[in-house]
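To start, the structure itself, in structure tokens.
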Amino acid sequence: MADPMRIRAQAAGDKATIRVLMSHEMESGQRKDGTGKTIPAWHIQDVTATLNGKTVMTAEWGPAVSKNPFLQFTIKGAKAGDKVGITWKDNKGDTRSDEATVT
Amino acid sequence: MQSKFLLPLAAAAVSFLTACSTPLPSSADLDKLTKDIVARSFRAEGQAQLDRVNPDEDNLLCSQADQSGNTIDEKLATAVEARNMQTIKAPVDGKYLGDFKEGEKIAQSGSGKTWTDKADAANGGNCYNCHQISKEELSYGTLGPSLYNYGKMRGVANPNNAESKPIVEYTWGKINNPRAYNACSSMPRFGHKGVLTEMQIKHVMALLLDPASPVNK
Amino acid sequence: MQTRRETLKHSAAVASLLAATGLFPQYAQAFDKAAFDAKTINEAIKAMGGAVPVESKDVTITGPDIAENGAVVPFGASTSLPNVKRVLLLVEKNPSALVAMFNVSPEVDVNFATRAKMGQSSDVYAVAITNDGKAFFAKKEVKVTLGGCGG
Amino acid sequence: MKKIALAVGLVGLSAIAFAQKSSTDSIAEYRQMLQDGNPADLFEAKGEGLWTQKRGPKNASLEKCDLGKGPGVFKGVWVELPRYFADTGRVQDLESRLLTCMQELQGFDAQEIAKTPFGRGEQSNVTALATWIAAESKGMKLNLPQDHMEERKMYEVGKRLFFMRGGSHDFACATCHSQDDKRIRLQDLPNITKNPGAGNGFGAWPAYRVSNGQMWGAQLRLNDCYRQQRFPYPIFGSDATIALGVYMGVNGKGGATVAPAIKR
């Protein structure tokens, strides 16, 4: 199973800044292995962010997002104590969900 | 069981005896200890064989000087330069310059001779690691002097001219074996140590000296 | 200084990048036309009608002028435009240009940051797509350097 | 018309600003942009988990591991490593000491782990542990002990190794790391013979390498230096690597650590 994400959710005023690090190879599909065979693309495809269970953002990613991806965005109206959830799914169907509390 | 991560009690006991206010061993003893440690700390991998941690006389002398913070003794330097000078051979066909475009590729490449490089693959020159060369490449090192306008600044209008001969020959020698000119130069001895082939050195020569090369624009 | 012609070129570039993602059928036709040589770009842009992506100061792309390594290049894409549905990050010279697409909801600011791989120096675009299908973009040129010992 | 003139003026200005900004400034800006969100965090979290997790043939945690300040102490240990350990009779760095603990407490075969390629199997766990332990000393000042004779001898050996020219290219560590304000390509080269270079350089690893997306401990950092130096392969945790660690760390005394850093 994939390693956990690191999610930081910090409230400032009436918004919260969310910073996420995900543990993923993000293989580009452009590289070749030692025998000259192309290493197939393996990357996070879908990202969903929730605030207290309600979806606030979705994203679609290609293989050009860097390895161990970083994502930052801002949720309006989020305050300390709220729960921010992030779920990703990759093109092999592997998925990972983690949650953080806004501080 | 032989394991240096485990507890060899005897070794621990010995160490206690040598602890505290005892003065350090002599420099020669520390040199010997270093040699022993090198012998057990490296293993051969790929083309990087153990002979590479067995430095030649030139390197031994320069390492000692570097470590002491002094420059190498003048007499020794002359001897080092003289014996390195003898390794420099003029090109077999008398032609010093190749293709500057090829030279640029060699200058860009930092590969070659590491344990992850294939022994039969062409080596790079690593030139941009230490030198500015063409103006277009922003990513250049500063360990060596800038080589931008190398030929132009030295007035090389035609590398085949008689008046260009001294600078052409010096440049050839410098790339082949820089320690013929500076006993403890940091630059690799590209020809002498077989890092670059004669043909590759010609290409690098063209990069530096061909008036048509971007270096001399 | 950016000439009108260059602006049009960029619009065409964005249109073709959008089309290449396959996500926006409305740009597919524009892509085909934009693929013509420079002489016909003006006509191609005209033919795009409302679908012409417009460079806009209300869209912002942040990123480094020079990336020390193409494997990780940080970018931010944001806009102050209203009614934005999606924000795209595109690297023109990547094998597939679309890096990431963010679907916006009223609960989030239209301001996203992530990191992209870049195979070589390239123009990078942030494109905001509004609810009515219009596209506005900002462009940034990023130089990718070769670092380290290179071995 | 006026509007256009103004716009042109602005474009002109920014073009000049760009031209005046040196590549070095731009690179500094790039590095700054990466500071927030260092993927080393992911490895740090993993390492923290591994410390308390019961693992290995003995199904034990590492909570009794002595990294130099007594069993179980992990805060502040890293800025005093490498140091002499009486139980093994050796000067050890963080990674080789972790192997001792994994063998003694958890029953792993330290030799086996030492032979495992970086990033694989238990080696990747050692890196994660080292990342977390280094992070627990973040901002503290390097303060390697030099009281024990073995520690002082290792400093002297490290110094000799640092200046040892060899390999196909005649490179020594000192070729790149004994002068101020030099760079290789666009990367600044710390002068490791003194501070601030020694503290900045030594105090930055483990670091996340963006070029390959890997977490590198000090052992791998040195390993790759030797690879680029065209030397043969330094054995994991060997005395040569530890002596160099002592030399760099002692030279860096008083330098504040930034590990785990993010590097090119």
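Letters A, B, C and D mark the chains as written, and numbering starts fresh at 1 in each.
What we mean here is this: a contact is a pair of C-beta atoms (placed from the backbone, for glycine too) under 8 Å apart; a residue touches a chain by one contact, two chains touch by 3 or more.
Computed from a prediction, not measured in an experiment: that's the story for all the values here.
Student: Go through the assembly and pull out the chains touching subunit A as well as subunit C.
Tutor: Touching subunit A as well as subunit C, we find D.
Student: When the mean CA coordinate of each chain is compared with the mean CA coordinate of the whole protein, which chain is closest?
Tutor: Smallest offset from the overall C-alpha mean is found for D.
Student: Looking at B-D and C-D, which pair shares more C-beta contacts?
Tutor: By number of C-beta pairs in contact, B-D is the larger.
Student: If you average the CA atoms of subunit B and of subunit C, how many Å lie between those two points?
Tutor: So the centroids are 45 Å from each other.
Student: In angstrom, rounded to a whole number, how far apart do the mean CA points of subunit B and subunit D lie?
Tutor: 26
Student: Using the average of all C-alpha atoms in each chain as its centre, how far is it in Å between subunit C and subunit D?
Tutor: 38
Student: Quick check: what residues of subunit B touch more than one other chain, meaning two or more?
Tutor: Residue numbers touching two or more other chains: 114, 116, 126, 128-129, 138-139.
Student: Going through subunit D residue by residue, note those that touch at least 2 other chains and give them in order.
Tutor: 23, 184-186, 210, 213, 227-228
Student: Which parts of subunit C, given as residue numbers and ranges, touch two or more other chains?
Tutor: Residues 66, 71-74, 115, 145-151 of subunit C each touch two or more of the other chains.
Student: Output every touching chain pair, sorted by label.
Tutor: Pairs satisfying the touch definition: A-C, A-D, B-C, B-D, C-D.
Student: Considering the complex alone, what residue numbers of subunit C touch subunit D?
Tutor: 1-2, 63-69, 71-74, 115, 145-151
Student: Which of the residues in subunit C end up touching subunit B in this complex?
Tutor: Subunit C reaches subunit B through residues 66, 143, 145-151.
Student: Subunit C touches which residues of subunit A in the complex?
Tutor: Of all residues in subunit A, those touching subunit C are 15, 26, 28, 30, 49, 51, 54-67, 69-77.
Student: Can you tell me which positions in subunit D touch subunit B when the two form their complex?
Tutor: 23, 84, 86-90, 96, 99-100, 103-104, 110-111, 114, 147-150, 152-153, 156-157, 159-172, 174-176, 178-179, 181-186, 189, 227-228, 230-235, 237-241, 243
Student: Which bits of subunit C are touching subunit A when the two form their complex?
Tutor: Against subunit A, subunit C makes touches at 71-74, 76, 91, 94-96, 98-109, 111-119.
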